[in-house]
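Below: a set of structures, written as C-alpha cells.
In the two assemblies presented below, chain A is common to both, partnered first by chain B and then by chain C.
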Partner chain A sequence: MNDLNPQLLKNGEAVGLESVQILDFDEFSLGLLAEVRKQGRVAACFAVPVTGEGGELELFALVARDRNACVAVYRTRIGERFSSLTPNCPQMHLFEREIAEQYGVVPQGHPWLKPLRFHRSWRTGVDAWGRPTDQHPRIGEMEFYRVDGEGVHEVAVGPVHAGIIEPGHFRFQCHGEKVMHLEISLGYQHRDIERMLQGGPHPATMSQMETIAGDTSIGHGLAYCQVIEALSGCEVPARAQSIRALALELERLANHLGDIGALAGDVGFLPTFSYCGRLRGDYLNLTAALCGSRFGRGLVRPGGVLFDLDPALAGEMLARLKAVQGNTLGAMELFFDSPSVSGRFEGRGRLSRSVAEDLGLVGVAAKACAVPRDSRFFHPTGVYRHLFDDLITEETGDAMARARMRSREISVSIELIRRILNDLPDDPVRAPIGPLKGEALAIGMVEGWRGEVFHAGLTDGAGRLRRYKIVDPSFHNWMGLAMAMRDEQISDFPLCNKSFNLSYCGFDL
Partner chain B sequence: MLQIIRERWRQGFKTGKFPKEEPILPPRFRGLPNFSEDCPSGCGKACETRCPFSACRQVDGRLVLDLGRCLFCADCPACPHGRITFGRDYRLAVRKREDLLYSGGEYPLAQPLEPARLKLFGRSLKLRQVSAGGCNGCEADCNVLGTLVFDLGRFGIQFVASPRHADGLLLTGPVTENMRGAVLDTYEAMPAPKIVIATGACGINGGPFLHSSEVSRGDDPVLPVDLYIPGCPPHPYTILDGLLRLLGRR
Partner chain C sequence: MLELFLHLFLLLALSPLLPGVIGKTKALFAGRTGPPFLQAYYDLWKLFGKGLVISRTTTWVFRAGPVLALAVPVLAALMVPFGAISAPLSFTGDLIFFVYLFGLGRFFTAAAALDTGSSFEGMGAAREVTFACLAEPTVFFSFIVLARLSGSLSLATMFGPALNAAWQSAGPSLILVVACLFVVVLVENCRIPFDDPNTHLELTMIHEVMVLDHSGPDFGMILYGAAMKLFVLGALVVRLVFPGATGNLLLDTLLFAGGMLLLAVVIGVVESTMARLRLLRVPQLLVGTMLLSFFSLILLLR
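Then we have the complex of A and B:
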C-alpha cells in the first residue's frame, strides 16, 4: 500500500486541506490497516460535516508514525453507514463509537457499538441507536456485557465513588473473587467541550482548554496552543518554550509523586503515603511560584507564556527543588525497598506488550509494557529537541512496572528542570498571534504526565475552527485497565485502577 | 524497619500552623480582586461584554464583579482600563450567593452556621464530596486537605464514603446533565439536617462551562447552598478557611 502517499504532518505543523487527498473508503481503510500493521498508531480519528453539503461527513484518521516523527493524514467521506475497521484494528474501537454517537452514523460490523458519553447526536434528528432524538439520553442506559452461570455474579460500582474521585461506572462480571470481565462506562463528566470550540477560538476557549482535565492544565493548554500557533504561523520564542517545558515537567512531577503516594496508601503503607501527599504540594507550589496557580492556570497562552522568570525566582526555584528532591527520593526508596509493598504490586494487573500495542496505549501504561511511547522523544518541540533523550520503558507490564515508570520519570524530570532553569535563553516570552489560516488542519502533541495529549484543529474558509478534536491519553488507556483486570481478584481493583490513574473528565470532554 | 524510622526522622514535622498563623502564598497568587478607582464615565460598560464568563456588571458607575463566576484569569480581559487586579487575600468563602457580588471595600466573609446546626456540626463535620463535571482541580484541592500539611482531621472535619454517614455535601463541577440525577440522589440519601457547600466557579455558577447545553449549573441552583467557595480552583487554604468559618472556628 505504499502507493497511497498520505499527507505527512509534523507535531505543531499545519497543512492546507487542499493538499490532503480525499480517498475512497476502501483505499482509506486498506491504507489505515496497512499503516497500523507497520507500527502506525491511530492518534486520532474524527468526523466532520462537509461544508455546504447536506449531511455528508468527512472522516479524518491521524496515524502517528513515531519512528519517522510525523503523523499521516487519511481522509475519506462516509454516508449514514460505513464499514467498521474495529474488527481488524482494535485501536479504532472507541473512535468509531465516538463518531457514531456524535453524528448518528453507524459503523457496520462494529463488535461493541454502544454509546460512549451519552449525549444527543450533534446532527439533529438522527441517532445511531434509534433513540428518541428530542430528549437527552439517559446515562448508562445500554446493554452491558453479562456473564451467566453458576457462581457468577455482577458487581456494579459508581458513578459516585467512595472517595474524592470523579464519577464513572464500573461493572464487573465475577466468579467468586475472580474478575472475568470489567466494563467501564463513562460520560458523567461530559461538558461538550469539543462542540463549544466550533466557530472559535472564543474568549472562553483558553480557560476551557485548561480545564479539560484540571490535573493536565499545562498539557492540554500546550497542545491547544501548538495547534493555534501552527494555524497562525507563529514562531514561539525559545525562552517561552523553556518555561513551558519547565511547567510541563513540574506537572509531571506533582502527579507522578502523588500517584506513588496514593499507591502506597492503597496497600496501607502509610510513610510513603503521607510524605508523597505533602511533597506533591511542594511541586504544585513551585508552579504557583511561577504563575500564581498550583495547576498552572494562566501560564500558557498562544504565542508563548504570560509569566517570566527573573534570575532571583529561577534561583529560588532551583533551591526549593534541591530541598524537596532529597525527600522525594527518600520517600520513593522506602516504597520500592519494602518487600511488603512490592509483594502487593508485583504481577498485579499485568498487560502484555501485544495487548498494549493492539489497543494503542500511550504514556506510562504503554511504557510499563515495554512499548516505547513518548511524544517528547518521538515528536519533540522546543527544548525537548535537544534536552530529552531518556526514553524509559519497563518490561513486566504490571502495577509494579507502572509504579517504577513513575519513579524513574520523576528522576528524569527533576534533572530536566534543573537543566532548563540553569540555561534559560534570553529572548521575549511571547510572540504575537496572527489570524488563523483558512481551510487548514493542524496538530499539537504533548507528552502529558499520563501520556500523549493530542489535539487537532480544522479551520473553515474564514480561519475559524470548524472542528476541534481532543484526545486525552485516558481515551486510549481506559481499555488497558479493563484488560488488566481480567483474572485479577476484584479486591485488587483499587490498586490496579490507581496504577493507571486515568482521567474521567479528560475522556468525557 | 530502621530505614523507615530513619526516613521518618529525615522528613521532619510538616503540619502547618494554620489557623494560628496565616499561610504564606506566592507573590503571584490571585485572590480577592482590587479595583483601582471608580469606573471612568463613558467607558461604555465594556467589561460586561469583555469577560467571557459574564462576571462583570456596572451598577451606578461602580464595577460589580461576581466572584461566583470569576475564574481569576491571569490575563483578565474585562476592563480595558486595567482597573481590575487580583490581590493576595485568599479568604473568599461566603454564606449567600449575593455576597459574591463584590464592588470593593470590605468583603462579607462567611458567618458561622445558625445555632441549631452549629451545635450539631461545630466539632464534627462529615462531608460527602461529589464531583459533577469537575475537572479534578477542585477535587485535588479538597483531597490535599487530608495531607499532613493541612491535616483536616484535627479540626474534626472528614470526608466520608457514604452519604448516609455525611452531614454535608461538598459539590464540585457545573452539574452536567449526566450527573444531575446522582447529585440529587446523594443529597436525598443524606440524613437531615444537612448542609451543602458549592466549591469552585463550576459548582457555584458553571465556571468555564457556563454556556454549555450539557451543564445545568448556570443560574439553576440545583441544591440549597450554605457555603460558597469561589476560585478556579480555590486554593486549599481558601477551602479550609471557608469550612472553619462555617463552623465558627475562625
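Then we have the complex of A and C:
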C-alpha cells in the first residue's frame, strides 16, 4: 500500500476533482488507517451522490497531516452498505453515523450505529434504521446504553435546562454519585444548513455561515470565505487578512474570558464570575467598534472585509485594549490563585493524551491534554504565517488544564492583537470575487476559539456548490466530554461540561 | 407576655431581611448593585399570591413538606433566647427536642422530595440526609459543652446570663464552639462552601434541588421557613458571641438585631471569597468540625 499517493491540499487551496484519484474501498480504508496511524487526523469525512448515476455515493475523507501543513484527500465509492472503519479508527465514529443518517447507507460493523441529529434521510425512501421515511423522526428517540444492577440508577438531564443554554439531552448511568457512563444526544437545533448550500452560494449564504454557531461567527464566516476564495482563485489583500485575524482574536478573547467567568460561577466563586462578565462585554464592544456588531456579523465577506480600520480607531482600540488588559489579568490571577478554586478544578474530568488522540479532539480540549492542535500554527493563512508562533499546550488534561489553556491563550491573543494593530499593511480591504471553478474541491481551516473550524466545498460543472461540509470543533469534542465524565462524580458534570463549553448548534448544523 | 410577642415579632418580621443582607454583601464584593434588602419580602409576597402546580404522581407527603418546613423553625425558635430576650418556652432536655425538631423538618422535606419520583430530587435528598447526619454530632458536642458550663439541660439556661462567666472560665472551649456552630449554620442553611443557593445546576445542588417541584405558596412557605431557620440557628451563634445584657429591653433588642445583621454580613463575606467545596469534600470538613467540637469538650473536662 506504500504506492498510494493521495492528492495533497493546503489550507485555502482548491484542487480539480479530476486529479483526485478514485480508490476502491479496500485501498481507501487501508490508506486511511495507515494515515491515521502516522499521526494523521480525520478532519472531515462526507459522502456525496455521484452525479448522473443511480444511487451510488462518493465518499471523501480529508485527513490532516499537521506536521506537513497539508490535508490528504481520499476518495472512493460506496453502495448501500460499506464496512465500517470505526472499529479500527474511533475518529470515524461520528462521521460514519452522520453519513448513515444523511444518505440512509449502513456502515456495517459500526459498534455504535445510532442517529446523530434525528432528521429524515436526504435520499427519499431510504433510512439506515428502517424508520418510517414519510415523517420527521422524533428527536432523541433511540436506544440509550443502559447499565443495570444493584444501586445503579439513570439520570436524564435536558433537553430543557435550568439555565439559558442550548438544548441537549444527557443520559447518565450512575452508581450512587459516580457516573459510569454518559451518553449525549443532540439534534434539537438541526437546521439542515449543509443542504441549504447546495446549488449555492446564495445571497443568504454568508449570513447563514455566521449563524452556524453564533459564538463562532467570525470563525465559521472566515472558513467559508477561504473556501469561496480558493474556488474562485481570489487573492485576499494583506490588510483584509489583518483585520480578519484581529476579529478572530477578539472573538477568542471574549469567549475565553466568558468561559473562565462561567467556570468561576459554577463553583460559586463570585469575584472572577462578575469581573469576567463585564470584561467579556468590553471585548465584544471592541468588535462592535470595528464593524458595528458585537459578534462580528457582517464583517467578513468573500474577498476581504466590509469594514476598514482607520488609524484613529486603531489607536483607540489599542488604548482600550490596554485598559482592559490589566483587569483581565487581575481577574485571572484571582481565579488561579485561590486554593478553594484549584481544589475544585484539579483532577476533574481528566482525559488522557491517548484518548484525546484516538477521538481526534481539537482545540482547547486537545491542547489541554498535551496534544498540539492549532490551525493557526500548523495550517496558517494570512498574518498568522509570520505573526503566530505560540503553540500552547498543557499536560494534565483536566478541567484545570482547560481553564489554564484559556487564560494563557488570552495573553497570547492580546499580544497578537497588539502586533496586528501596530503593523497594519496599506492595502484595499477587498478584492473582487470571480466565478467559482467547476468540478473542484476546496478547504478552509480556521482556528476558532473552541478549536479547528473546517469547511470543505465541492462544486459541480457549472461552478455551483454541489456539496458543502461543515465540521465545527464541537463535532469532534462532544465525545471527549462523555469520556471525561467516566468515573467522575455526577455533581461535577456541570463543571466538566463548562470546561469544554461545546456548541450544540455547531454540532446540530 | 410582651417578651413572647417581641420574640415572635423579631422572628417573623426580621428573618427575611437576612438573605437580603447576604445578597447585598455579595453584590458589594462583586461590584454590582444587587437586589434590594427587602427582596425576600417581595418574593414571599409574590409567591403567596400565586397558584399551585402539583404533580399528579405525588401524595399528601408532598404537601406536608412545606408545612413542616415552616412550622419547625417557629417551634424551635420558642426555645432559643434572642440575645437577652429570654426564651418563651423552656424545659429540661429541650436541647434534644430542638435538634430533632429540625430532624423532623428535614425528614418531611426529604420525603416530599422523594415523593415526586424525580431522579434529581432523589439525589438531593440523599445528599441532604448524609450531610445532616454528619452535622448532628457537632451540634450535640457543642451543646454538651454549654450544658456542662451552665449546669443545665435547657437551651434557655445554656444560652442564658451564665455565658458571661463562662467566657471568663472556659474561653478557648467557647471559641471552638462558636466556630463549630457557625459551620453548622452554613451547612444547615445550604450556604457556600457547602451548597450554593444561587446555582441553577440541578446536578450540583443539595437543598435547592429537593424543592424544585414546589411552587406558589408552598414554595413561599419553604423560603420563609429557610429564612427563619437561618435566623434561629444564627441566633445561637450571635448569643454566644454577644452574651451581655444591658437590662434595657430596647437596647437588648437592638444589640441582638445588630448581631444578626453582622452575622449575615459575615456569611456574605465567606460566600464572596470562597468557591464551593467539591461534594466529596463536604463530609470530610464536617467530620473535621465534629472533631473540633469534641476537642472543645476535652478542653473543658481536662
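Assume the second predicted complex is superposed on the first by the 508 of 509 C-alpha atoms of A that agree within 3 Å, B and C clash if a C-alpha of one lies under 4 Å from a C-alpha of the other, contacts with A are read in each partner's own complex, and residues count from 1 in each chain.
Note that in this section contacts are C-beta pairs under 8 Å (C-beta built on N, C-alpha and C of every residue); 3 or more make two chains touch, one makes a residue touch a chain.
Quantities reported herein were computed from a predicted structural model and do not represent experimental measurements.
Participant: Between chain B (first) and chain C (second), which does A:Ser340 come into contact with in this model arrangement: first, second, both, or neither?
Facilitator: In the superposition, A:Ser340 contacts chain C only.
Participant: Per the contact definition in the header, classify A:Asp127: touching chain B only (first), chain C only (second), both, or neither.
Facilitator: Touch status of A:Asp127: no partner.
Participant: Let me test your reading of the model: by the given contact rule, A:Ala162 touches which partner, first (chain B), second (chain C), both or neither?
Facilitator: A:Ala162: touches chain B and chain C.
Participant: One more residue to check, A:Asp215. First (chain B), second (chain C), both or neither?
Facilitator: After superposing on A, A:Asp215 lies in contact with chain B but is clear of chain C.
Participant: So, does A:Asp308 touch the first partner chain B, the second partner chain C, both, or neither?
Facilitator: In the superposition, A:Asp308 touches no partner, neither chain B nor chain C.
Participant: Between chain B (first) and chain C (second), which, if any, makes contact with A:Glu177: first, second, both or neither?
Facilitator: second
Participant: Would you check which partner chain A:Leu299 touches, where first means chain B only, second means chain C only, and both and neither mean what they say?
Facilitator: first
Participant: According to the stated criteria, A:Pro271 is in contact with first (chain B), second (chain C), both, or neither; which is it?
Facilitator: both
Participant: I want to verify the contact counts: of chain B and chain C, which reaches more residues of chain A?
Facilitator: Here the partner covering more residues of chain A is B.
Participant: Who does A:Glu316 touch here: chain B (first), chain C (second), both, or neither?
Facilitator: A:Glu316 contacts neither chain B nor chain C.
Participant: Find the residues of chain A that appear in the contact set with chain B and again in the contact set with chain C.
Facilitator: The overlap between the chain B and chain C interfaces on chain A comprises residues 162-163, 271, 274-275, 278, 338.
Participant: Could you pull out which chain B residues touch chain A in their complex?
Facilitator: Against chain A, the touching part of chain B is residues 3-4, 7-8, 10-11, 14, 25-26, 28-30, 50, 52-53, 71, 73-75, 77, 129-144, 146-149, 159, 161-162, 173-174, 176-179, 181-182, 186, 207-209, 211-215, 232-233, 235.
Participant: Taking the complex as given, what residues does chain A use to touch chain B?
Facilitator: Going through chain A, the ones touching chain B are 117-119, 136, 139, 159-160, 162-167, 187-193, 196, 202-204, 207-208, 210-215, 217, 271, 274-275, 277-278, 280-281, 285, 288-295, 297-299, 301, 306-307, 326-327, 330-331, 333-334, 337-338, 503-505.
Participant: Which bits of chain A are touching chain C when the two form their complex?
Facilitator: Interface residues on chain A, with respect to chain C: 153-157, 162-163, 177, 264, 266-271, 273-275, 278, 338, 340-341, 343-344, 348, 489-495.
Participant: Going by the contact rule at the top, pick out the chain C residues touching chain A in the complex.
Facilitator: Residue list for chain C touching chain A: 26, 29-32, 119-120, 122-123, 192-193, 196, 198-204, 271-281.
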